[in-house]
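Chain IDs A, B, C, D and E follow the sequence of writing; residue 1 opens each chain.
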Amino acid sequence: APVTDATVAFLMPDQASTRYEQHDYPGFAAEMKKLCPGCKVIYQNADADASRQQQQFNSVISQGAKAIVLDPVDSTAAASLVKLAQSQGVKVIAYDRPIPTAPADFYVSFNNEGIGKAIADSLVEHLKALKVDPASGGLLQINGSPTDAAAGLIKKGIHSSLDNSGYKILAEFDTPEWAPPKAQQWASGQITRFSTQIVGVVAANDGTGGGAIAAFKAAGVDPVPPVTGNDATIAALQLIIAGDQYNTISKPSEIVAAAAANVAVQLLSGETPKAEMTLYDTPSQLFTPAVVTQENLKAEIIDKKINTAEELCVDRYAEGCKKLGITN
Amino acid sequence: MSDISDGPVSAGELVLSLRGISKNFGAVSALTDIDLDVHAGEVVALVGDNGAGKSTLVKILAGVHQPSSGTIDFRGKQVTMPDPSAALTLGIATVFQDLALCENLDVVANIFLGKELNPLRLDEVAMEIRAWTLLNELSARIPSVREAVASLSGGQRQTVAIARSLLLDPKVILLDEPTAALGVAQTAEVLNLIDRVRERGLGVLMISHNMEDVRAVADRIVVLRLGRNNGVFEPDASNQELVSAITGAANNAVSRRAERRKAAQAQSQEQRP
Amino acid sequence: MSDISDGPVSAGELVLSLRGISKNFGAVSALTDIDLDVHAGEVVALVGDNGAGKSTLVKILAGVHQPSSGTIDFRGKQVTMPDPSAALTLGIATVFQDLALCENLDVVANIFLGKELNPLRLDEVAMEIRAWTLLNELSARIPSVREAVASLSGGQRQTVAIARSLLLDPKVILLDEPTAALGVAQTAEVLNLIDRVRERGLGVLMISHNMEDVRAVADRIVVLRLGRNNGVFEPDASNQELVSAITGAANNAVSRRAERRKAAQAQSQEQRP
Amino acid sequence: MSSEPKQDTSASTALDRSDVRVKHQAGVGGAISAFFDRVRSGDLGSLPVIVGLVIIWSVFTALNPVFVSSSNLVNLLFDCSTVGVIALGIVCVLMVGEIDLSVGSISGFASAMVGTLWVNQGWPVALAIVAALAVGGFIGALYALLFNRLGMPSFVSTLAGLLAVLGLQLYILGSTGSINLPYGSNLVNFGQLLVMPDWLSYALAAVPGIVMLITGLRTVSRRRAVNLSAPSVGGLIVRVAALTILLELIVGYLNQARGIPWMFGLFVGLVVAMNYALTRTQWGRSMTAVGGNREAARRAGIKVRSIYLSAFVMCSMFAALGGVLSAARLASASQQAGTGDVNLNAIAAAVIGGTSLFGGRGSAYSALLGIIVIQSIASGLTLLDLSSSLRYMITGAVLAIAVIVDSLARRSRVSHGRA
Amino acid sequence: MSSEPKQDTSASTALDRSDVRVKHQAGVGGAISAFFDRVRSGDLGSLPVIVGLVIIWSVFTALNPVFVSSSNLVNLLFDCSTVGVIALGIVCVLMVGEIDLSVGSISGFASAMVGTLWVNQGWPVALAIVAALAVGGFIGALYALLFNRLGMPSFVSTLAGLLAVLGLQLYILGSTGSINLPYGSNLVNFGQLLVMPDWLSYALAAVPGIVMLITGLRTVSRRRAVNLSAPSVGGLIVRVAALTILLELIVGYLNQARGIPWMFGLFVGLVVAMNYALTRTQWGRSMTAVGGNREAARRAGIKVRSIYLSAFVMCSMFAALGGVLSAARLASASQQAGTGDVNLNAIAAAVIGGTSLFGGRGSAYSALLGIIVIQSIASGLTLLDLSSSLRYMITGAVLAIAVIVDSLARRSRVSHGRA
């Protein structure tokens, strides 16, 4: 039976990047509106606090949510939420991060570990293409918050790529709270320590990557060695256009969120959504994120209408845009 | 307000006049219907038992508390004093019973607090020399004026508080038990000072439990009892009279003690020979 | 230690004996080489100018400060008092000049602080009745013993501090200006109390700036001047003598003031008739 | 010393009613008019905070009626208990005028310890909890040592502890990152499911009234016997009846949903015990005295150092217990347990409830009230669809409003001369 | 009132040297022995913190010599300046015994404002900065209003502000999340690259000595003229020489690398200005008085409310300035700016430097010293390869060690009776 007036909750984990409020939630809400105009969508963000997420979870159940899309702050802790919901007949769709110890009803995601691997792979290929001698130096690795489970997954992915790439890791840092100034300070220290030995930086998101770039700039290093990122924030895209950052990851969050909405509606109307694979005993659908560099920025970002040229190519970046063929 | 406090005081002028002042703290009526006058060139002593409300009255006159009812006239004009700085501007200087010093500041800073010389570039040398002059005038024995007040003895602090009040050129000085912690020499100096201040035409309101000191300097003695006016006496009133006005009974601890001592002395004299 | 403080005190026993006590605060020598004896059943008055070091001496005896050098004998045995509770255990009760009350606690709690009845289930009723008894004994006029001490008048606080010291059964009582803020009746009661305490065989060390009170109760008067012993006097010593020992000069503020007043009175009598 | 007791009060006026300057009221009417007098003079205890709470609740209910649904309130009670226990510890250190910034870390560390010892090492759960509490107490003892012996300000030592203990937490969780506590185990059930049977909750709700009545009557008779004024029995009965009816109504309402969580019962039990300890024992009196005037307390013979030691140790142990409870609540021990705003929430709860940051003034109930305010705001906002930026702004504004009532009341108290 | 001044000191002894109980020393030897006396009695000002700092530096240098390389130290100076300016504001509120928990949020908000106004809206950069400072000041004024009029404790009002302002920051950053400040712009260069020319830094390093000498000599002559004791000119010259040589050596060493950052120069300039304001003006005296005894200050006629107002406003404005500087340093205004441990670091810097949390005691230099301690630890640890857990533990331990020296010194001061 098609649903007409259910309540669906969309619970996001943190503020570390803007994507949840700028992309995921709008995408989810728009798709829900299309599929079920009478449905109510509740959005909550847990600000990286597992207890708060639990509170929000309980609260949306009190409000009568019948399906919950959950991006867990803490994948382990979320298991109890899944059990609680399922015992009350509420469907749970794991989103973005998996819930390994308690199978949810469905899992829709990018793969954070895959993201870590992708940015590192892209950087290594770039270095190899530039014929940078692995013996001439090594890489810095800037991970996310040591208390953030998602950061742990990205870190794992980066290691799986770098550990057999031939390039050694000069030093590694878990950035408390993902704070860019902390990343900057750490990178500054490494620059004095290793100076020209640093051939590249693998940073787990755009904020920490930006911090590393600022450190190189502040130390007067020119050109800045390639630095990775993740999240495709406008600031990072602009840095890529300007040639200061090497890559970032564009996650078509709207599309994934729309898929989650689809799954939610199907689950509510009693259908079984189509799964591509099974991960952690959960029927799953995974999307592959795209690594964005100068080469494919226009194709991945502008052409896919994730951002417009007007947003990116403001004054100082206009020239770079022209060079990349974004504007003419 | 400036017209009130600016003109010179003429001798005998009524500078301070209270009518029907009451003050409640929650369920406690600390003052009920108090009337009081202070003239220029007059020393009024305010006496009373512990908790009679003397300090409360002084605090009202200093702008620390606001009265629950009643009016205050200063030099003929009715005034309200919402905070202590209003009283200071009018020309009412006060030495509080609890001294109200800043323990973390040194002696000089405390004396000049709120009236520092040269506000944008404190003139420490000038302030220090002035502080020493004031303190010596009061026979104070203070090892160093650059020590924090926290390290001073009780009497030294009281001297500092008195020195504070002399700094401005007030019209009225309120002294709440100014000699309680002072040594004999310092007490004599303060009494001298009160004499000098009176001669200069200021009004002085002094609180003390020492009847001798009171009689020595006061022109008029006002008695409070349980928060109410309980009579006005001349300085030549007998101790007996004053004490019974203060305690509210002719048969009080003081008289009993005096009798007992007399009896004891008589007895010991009987035994001795 | 228990053997020292436990036995009953025999009359006239030397309970407290100080030898060569010195105390430095940084560059200031507050006390130099002080000797002092207090016997059971004796009231010793300690007098001196402001800042003479009287309170410092009391604080050393109460375990608040540690002496820089010198020895303290309590009932014949040398003792050290690393903190105030050691002095209290020995049986030394103290009324401090700064009172040392907890403003946030009420009167009853302050009186019983550190010696509450029934530690695991405070007996508030018993404590309150005992507090009222003690306070009435001192003629205190306190509106309510359930108000925080912060709201009491200066004299009321001092009464509370005195009541505190009577609660335990001490061997020696140190009173640092116990009557400074008290009214006439309360002062008489405290002097009575000191008489009673002496009769019960306790040693009393009293500090006061009031020579009359001192002479009224003291058996011996010890003078400190600038942190040093400056003579011991009998209670029948003349005012003149005492004051010059205190101030260190025969020509002092007190004598000058007395002369001036005499001259002024003579003058006014000349003018009057 | 009582050789000559002179009671100048006649037998007809009570010993403590002799002062003519004080107004007194008697009987039920007197109790009521005394209450209004107190309202006017601002001497209200926790009433203003409760008024603030009522305002918040009404607004949230108006915005989304789910807020006062009994199931939401039961969730609220579960959520209050964990940080509430930590706030109770904060009350202890604030009472003596110190602070502990590391309660969050300690709670996280305790949950990590329970996780590793119980789940990974196979210790019995009770032993693991005891071990966590012991380590918490040890950390507190360390702060007390630094404070008592070296005079290190507690702000600095506990800031250092905040970092060091977080390091320990990450260290013992090691590579796993987080550990699931088994569902169905008693601990997890306690934190997530267990509620009191209805009859018990009704019975417990009657206990405060009964205790109040019995002690009240005993006090009245003892005071009368020794010629002290005594509160009116009528007023006492009115208050007891009002309290009991209120509590029973609340319990009845909550029992419509799942009922009163045992965990909340534990929290309230601890609050009541702490309140007793702080107000009715010598230890509590000493804590208040040390917080009010350390030197005066020392001169009264109080062992000031042991008091500080007890305050720091209790604070850390409550923090550890709070950590165990939140692990139970989440059914997991993770790296991020205790991070974020746990510290600030715990301290804020105590302060909002009326405990002073400067020592000497506070009560155990402030932890209860404060955490209910904070969690009500959080819970109320989860019922509204707000972007993060708006949510932050509104949280801030509501927090301020909740305290304004109290601040205004305290101001009027000051202007009435009883600060 | 000086009708009868009786100076019982003879002309030969100075007015303030009449007390026989006080030891005095004269001449260069006297100055040195007085110094050792002070060391023994523990009256050392900031010396203990400096000793703690030297210990930390030696250890880090032993572990990795890069630590004292001049280029690393220059980085350190850049990093100190941003949070240091915020800590300077914290000193203001701590002086009056209050606190501001929202400095982190305000700094983040200010950086967001500069980002949006300058980069997105195209305002001139100076105007954007002024706007950010003004808004910061306005927030401070709001706290002062709540404090003065409603008596709301600053802990609560600034906690509410912390949340509300963070909300505002997220709101104005809106969809972009973070904004790049253009590399090569003056602001970013100021935050990342600009250093003083060598000659200027050498010259500036000589200024403190010169000022000290001139004012010192003038004071000596004025004091001599009015018969007050005066410090020995020899001792003065020794101290001036030591200071100048030390500063010039430091500057020379740093000039081996890039040199002294202008941003650090700004920070030090602000510290010196604040120090002057706090110690040598009526306003500063009033701040200290209000922090020490609010009621006594009020009775002395000080406008207590305006003092609180100035303290809160200055604190927020310094916080806003710190935010602008950190945006310049990072070349970006992001949602994370000002979150995390900015608050705690700023408060800790002031406290570690010796400013009391309870008001009335502190100095502007404490912000400088404290932030150097904190950033030295952070910088030293970036040079060691440590896991997060170890890094946290070691940060905590080193922080404690840095303060232990100071605590010990203060303890000995207490036992010498000068607490």
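What to note about this one:
Note that in this section contacts are C-beta pairs under 8 Å (C-beta built on N, C-alpha and C of every residue); 3 or more make two chains touch, one makes a residue touch a chain.
Being a predicted model, the structure only gives us computed values, none of them experimental.
Shared contact partners of chain A and chain D, listed by label: E. Between C-E and B-E, more C-beta contact pairs are found at B-E.
The chain with its C-alpha centre at the largest distance from the centre of chain B is A.
Farthest chain from chain C, judged by C-alpha centroids: A.
The angle needed to superpose chain D on chain E by their Cα atoms is 180 degrees, rounded to the nearest 5. Each chain gets one centre point, the mean of its Cα atoms, and the points for chain C and chain D are 42 Å apart.
Spacing of chain A relative to chain E, judged by their CA centroids, is 40 angstrom.
Residue positions of chain B touching 2 or more other chains, listed in rising order: 25, 28, 139, 141-144, 151, 226.
Across the assembly, chain A contributes residues 15, 146 that each touch 2 or more other chains. Among all residues of chain D, those that touch two or more other chains are 19, 21-22, 170, 387-388, 391, 417-418. If you check each pair of chains against the touch rule, the ones that pass are A-D, A-E, B-C, B-D, B-E, C-D, C-E, D-E. On chain C, the positions that touch chain D within their shared complex are 62, 64, 83-85, 88-89, 94, 96, 100-105, 109, 113-116, 119-122, 124-125, 128-129, 132-134, 136-137, 139, 141-146, 148, 150-151, 164, 166, 193, 196-197.
Within the complex, the chain E residues that touch chain A are 64, 66, 69, 71-72, 75, 78-79, 82, 119, 170, 173, 175-180, 182-183, 191-193, 258, 326, 329-332, 334-337, 339-341, 378-379, 382-383, 385, 387-389.
For chain B in complex with chain D, the residues that touch the partner chain are 24-30, 32, 65-66, 226-227. Residues 20-24, 37, 41, 43, 415-418 of chain E are the ones touching chain C in the complex.
Against chain C, the residues of chain B that register as touching in their complex are 25, 28, 48-52, 55-56, 97-98, 139-144, 151-156, 159, 177, 180-189, 191-192, 209-211, 216, 226, 243, 246-247, 252-254, 256-257, 260-261.
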